[in-house]
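Chain nomenclature is as follows: A, B, C and D, assigned in order of appearance, with residue numbering initiated at 1 for each chain independently.
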Amino acid sequence: MMSKKPIRVALVGASGYTGVEALRLLLTHPHVELTALCAGRRAGHPLAEVAPAMTEIEAPALVRFDADEVAEKADFAMLALPHGTAQHAAADLMARDVRVIDLSADHRFDDPQFYAAVYDTHQRPESLAHTVYGLPELNRERIRDARLVGCPGCYPTSVILGAGPAQRAGLLAQDELIADCKSGVSGAGRNPGAGTHYPETTGGLHAYKTLAHRHAPEMSRNLGGLNVRFVPHLVPMVRGILSTIYLRLRDGVDAATVRATYEAAYGAEYFIQLLAAGVHPDPRHVRGTNRCHIGLFVDGDLLVVQSAIDNLGKGAAGQGIQNLNLMAGLPETAGLTQTALFP
Amino acid sequence: MMSKKPIRVALVGASGYTGVEALRLLLTHPHVELTALCAGRRAGHPLAEVAPAMTEIEAPALVRFDADEVAEKADFAMLALPHGTAQHAAADLMARDVRVIDLSADHRFDDPQFYAAVYDTHQRPESLAHTVYGLPELNRERIRDARLVGCPGCYPTSVILGAGPAQRAGLLAQDELIADCKSGVSGAGRNPGAGTHYPETTGGLHAYKTLAHRHAPEMSRNLGGLNVRFVPHLVPMVRGILSTIYLRLRDGVDAATVRATYEAAYGAEYFIQLLAAGVHPDPRHVRGTNRCHIGLFVDGDLLVVQSAIDNLGKGAAGQGIQNLNLMAGLPETAGLTQTALFP
Amino acid sequence: MMSKKPIRVALVGASGYTGVEALRLLLTHPHVELTALCAGRRAGHPLAEVAPAMTEIEAPALVRFDADEVAEKADFAMLALPHGTAQHAAADLMARDVRVIDLSADHRFDDPQFYAAVYDTHQRPESLAHTVYGLPELNRERIRDARLVGCPGCYPTSVILGAGPAQRAGLLAQDELIADCKSGVSGAGRNPGAGTHYPETTGGLHAYKTLAHRHAPEMSRNLGGLNVRFVPHLVPMVRGILSTIYLRLRDGVDAATVRATYEAAYGAEYFIQLLAAGVHPDPRHVRGTNRCHIGLFVDGDLLVVQSAIDNLGKGAAGQGIQNLNLMAGLPETAGLTQTALFP
Amino acid sequence: MMSKKPIRVALVGASGYTGVEALRLLLTHPHVELTALCAGRRAGHPLAEVAPAMTEIEAPALVRFDADEVAEKADFAMLALPHGTAQHAAADLMARDVRVIDLSADHRFDDPQFYAAVYDTHQRPESLAHTVYGLPELNRERIRDARLVGCPGCYPTSVILGAGPAQRAGLLAQDELIADCKSGVSGAGRNPGAGTHYPETTGGLHAYKTLAHRHAPEMSRNLGGLNVRFVPHLVPMVRGILSTIYLRLRDGVDAATVRATYEAAYGAEYFIQLLAAGVHPDPRHVRGTNRCHIGLFVDGDLLVVQSAIDNLGKGAAGQGIQNLNLMAGLPETAGLTQTALFP
């Protein structure tokens, strides 16, 4: 396998959690040569400052982002930048023929109006004509040839993977779903604040932005326009999302039909595990991986889907690598076969 | 206040978490004299073995339960026994004119058939004619005179307090609700098992008994027969329940109506705090107390109620004390005015 | 007991953890009337912003500190201010005949040179002639009449209580001890930072300021000049300090002598519990209390003392209340008899 | 690299934490074919029951241990069995020419008397003539040719790696050290008990077996007979050990000498990272890896070494793989190059 020349990849943005996770995965990827590592205000600093678990690990030096330099060194760039910033780096790199995997929200929609309604006015709207929504289980073929892939948000990954098969197979009686999602604290990012301060985060949990979080439109757009009633919760764990999704089944749809539908959708998907009847998924069992565990529960007309991912794995960096593999013609699972630590 | 003679109370069952919490509250209650402390297989052992935080604290010795002895020493008995066991102690004590506050599930229903359908055949069904469901905010007046009070389950307390005002005021369009509840691990009791083993409990969360937990019928019975779709989750915290409750509003019912309804219901309730618009409840802020924090969120026809309690406080021992206060003619808040530790 | 007029107390500084804990204790103190609540930049804000567990709790409004106003309303002031700030408030209040309990580091030494060597130049050195080191088990009598009490640091409280009896009784062979201390994260204060960010604090632990923490001189000064080799560690819990203290015994001093020495020292102390032989203290069992649990272990010439407190309780606010009780001639345990939640 | 035929390895004991970790590492090892997986009472069960993170992962079926079958299928066997049991499996396999890596305590000493003094009478003492203590940084050459390797305990790994260079280089003034160690809860194993029950484990910490833990003689034996005063603590984290080791330096030995000594000892060691001056190791940064982070602190005659490992990694299964690599003539780092998740 390693006889092929490795692909040349740049990582732009390495100081946030998503960036560090992407770095971890890229450094151990069997077909990737990490040729550039860009890190804003941490440029010039030792890697261990950004990634304390990487003390004495060999990696490229942290440098400031320069589109020309990156284009010279890399054929692919993975962006782990804040939204608003990523759009400029992406456009500048695409202009230099670098293919871009963006982990930010900037290229999740191909419609500038939609982006503006959810986030803000897009400054490089021309890119949006090229972007593909980077959920491989949904858009695998289009991703292979994409110049630009906008990787899904963590919550949307979890909810779309959980609800998608039922919606696409027409099992639903309503154009609506309820997504009660529980996220680990790393989902709030690396910048410390009162809401992520250890003494005020451990020993409790709470919802936030009830019915008003901007991941809801992203879910809706990729679930055939379903009205998504979304309540995210912050729970005292570091990584992971568990989405408990409530859906109404059409008359005559029973548990067996539901299971058959999901097996048809995911039987061939390496990263999606449909758990046995009665088994409940737990994000601890997919932590550090690109996997998604799904449990199905039916009572009368109510379908409860439970879907567990690692918000930094399948919900961000892992999915980015999966997209990179597709774009580069590599095995889709390359560098992503690990299982979670237990315990 | 202390000029009145204190009431004489026995605690039966002191080795589970509910029992230890009841003990803690009874020992500091300004109007209670704890006259007997019964503890099954821990009888004769030092208190610190059962309650390590109570090293060198003055309390009655742990003795085996004997109905005659308890009846001689106490006018009230609080039972913190497993269900199935509590029904015998309760009947024996009532026969000796002791008034009973039962924290187990044995006297939550006044109908033996219903109990049998949810739990098992009741061995002392004659008691059920006397029992009152011990949710003071619902049944205050009947509790005052009760010989026997069956204290609500922890999840039902949280869901009934959260959904009750909307249901009773006729605000709902459906005869159904979804209760997505998140509980701390103490809710699983004091007996160690794989599901509560530290290394397999921290760092993740999961649902259990999805749509099949026996607290659902108890909720339904105290919410006018609403069909309760109940999914409990175990989260890595010690104490607390957060219930996220999804309800459909009738046409024309808006956020203002909802808030006015809850203010009318709870404005005079000392233990129920309706949080300001936009504020999310967190069980950490009611930990160790008998309080319930409620948040209200409306979007179109969807009402999301979030209700936070301490499963061992308002969800068990605290509520037991509140019932005791009512039964004994004491101020309802006696011994229950503390606020949670912060942080 | 309540027939006496309550004492009038002001709390100055209510937005840090120590301040909120002091507030919690003062509000439920049976002999205290909290007459003023001063809170810097939070003045004018609702209390729940500062103390989310105190939603709808009755308390004085948060106001800016003004020495004249405080002097008018209160006979005692408890200061929960940063060091450097507290010294001004203390001096201004003493000038107006208010007796001061300072929870900061500003009045822990009666020697300005010593303070300067450990912290910084003292701006109000005249106060230091009046200050008493507020460890009641050491200085009870002097505290009763003090105009100004400087409450000990959290680590020093734990280490001095643990090592003091052996040192004062002359059991030690060396003029040195090793204090390996483990603190919960609330000890780092309420300001969020990378070192207290939930995702980087849970799941690990580490020492900090090894052999270079400024609580060491404070310990030494109150342990007869012993050379204190102090290594503090931050562990993933919210509250609590466990100090493991290593001491060398003089020839001929055995376990029985050690235990007898500690029993003599602490037998009459309400807040200090000497655990039975072989029992290990755990700060979870003193959380939220003013208690200290001590375990003693001897092997040959090595004495290991383990001492557990709540850093915000006996290590700060609780001890402040104990000092207040002494100064006001109240029962020393007033308002401090609670035991820890279990679990 | 993969052109070589993979080595054939059996894993005996897969239901404890050490076994599951060994399984995880063996399944992704680039040069290993896992040919047998033996699991006692879990034989015949699905793998996901033992290792919930391995749902739908390809692995050999769980079978009962049979020495003949293992000998037929494998050239190496890794034992993750309780001590007392492992000695029989080891002897039976060696008799069939299988080379054995034992993760239990049964072959850590080559002296049956010593084993008996610390554990119990050894039932297969003839094996002890062949055993090598499996700490590669100490015994690398002897491990290469060993028929039987007894892998070190988790605490001893951490303390011997931390103190060994100073001891072997003759820097110490005393024949003694203090090891104040802090372990995650997985170190207590997979069997649930009161001491590892989530509600009684989180939110606190405590020492156990103070000065009486049987890992102390193992440390001493591999540190030139130093008297090891060992106090282990259980802290609320899942994996990891941080050892804070207190050593007395000979006259004239200063910080520079110490650092030079450790650099000489570990400069070429892939798995040992000597942290920069002033940096404190944290087991979270080596979690899931075979690495050891070491920090050095000197004040006068006191050397404080802090050493962090993953108790299930370098402290157990990871070290087992490292030994396997050495015995099989593979690159010592094969299958062990991952870094810890962050965060």
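Just so it is clear, a contact is a pair of C-beta atoms (placed from the backbone, for glycine too) under 8 Å apart; a residue touches a chain by one contact, two chains touch by 3 or more.
Predicted, not measured: the structure shown is a model, and the values here were computed from it.
Asker: Under the document's definition of touching, what chains do subunit A and subunit D have as common neighbours?
Answerer: Under the touch definition, subunit A and subunit D have B, C as mutual neighbours.
Asker: Quick one: which of C-D, B-C or A-C reuses the A-D interface, over half of the residue-numbered contact pairs in common?
Answerer: When the residue numbers line up for over half the pairs, the pair is B-C.
Asker: Could you compare the number of C-beta pairs in contact for A-B with that for B-D and name the larger?
Answerer: Per the contact counts, A-B leads.
Asker: As a test of understanding: of all chains, whose mean C-alpha position lies farthest from that of subunit B?
Answerer: D
Asker: Taking each chain's centre as its mean C-alpha position, how far apart are subunit B and subunit D in Å?
Answerer: 46
Asker: How far is the middle of subunit A from the middle of subunit B, if each middle is the mean of its Cα atoms, in Å?
Answerer: 40
Asker: Multi-chain contacts in subunit C: which residues touch at least two other chains?
Answerer: 17, 186, 199, 202-203, 236-239, 282, 284-285, 287, 343
Asker: Once bound in the complex, which stretches of subunit C touch subunit D?
Answerer: 178, 180, 182, 199-200, 202-208, 210-212, 229, 231, 233, 235-240, 242, 244, 246, 280-285, 287, 295, 297, 299, 302, 304, 306, 308, 343
Asker: Enumerate the contact residues on subunit D facing subunit B in the complex.
Answerer: It is residues 17, 184-186, 190, 192-194, 196-199, 201-203, 236, 238-239 of subunit D that touch subunit B.
Asker: Show which residues of subunit C lie in contact with subunit B when the two form their complex.
Answerer: Per the touch definition, subunit C meets subunit B at residues 1-2, 17, 20-21, 24, 27-28, 51-57, 186, 203, 238-239, 273, 275, 282, 284-289, 293, 337-343.
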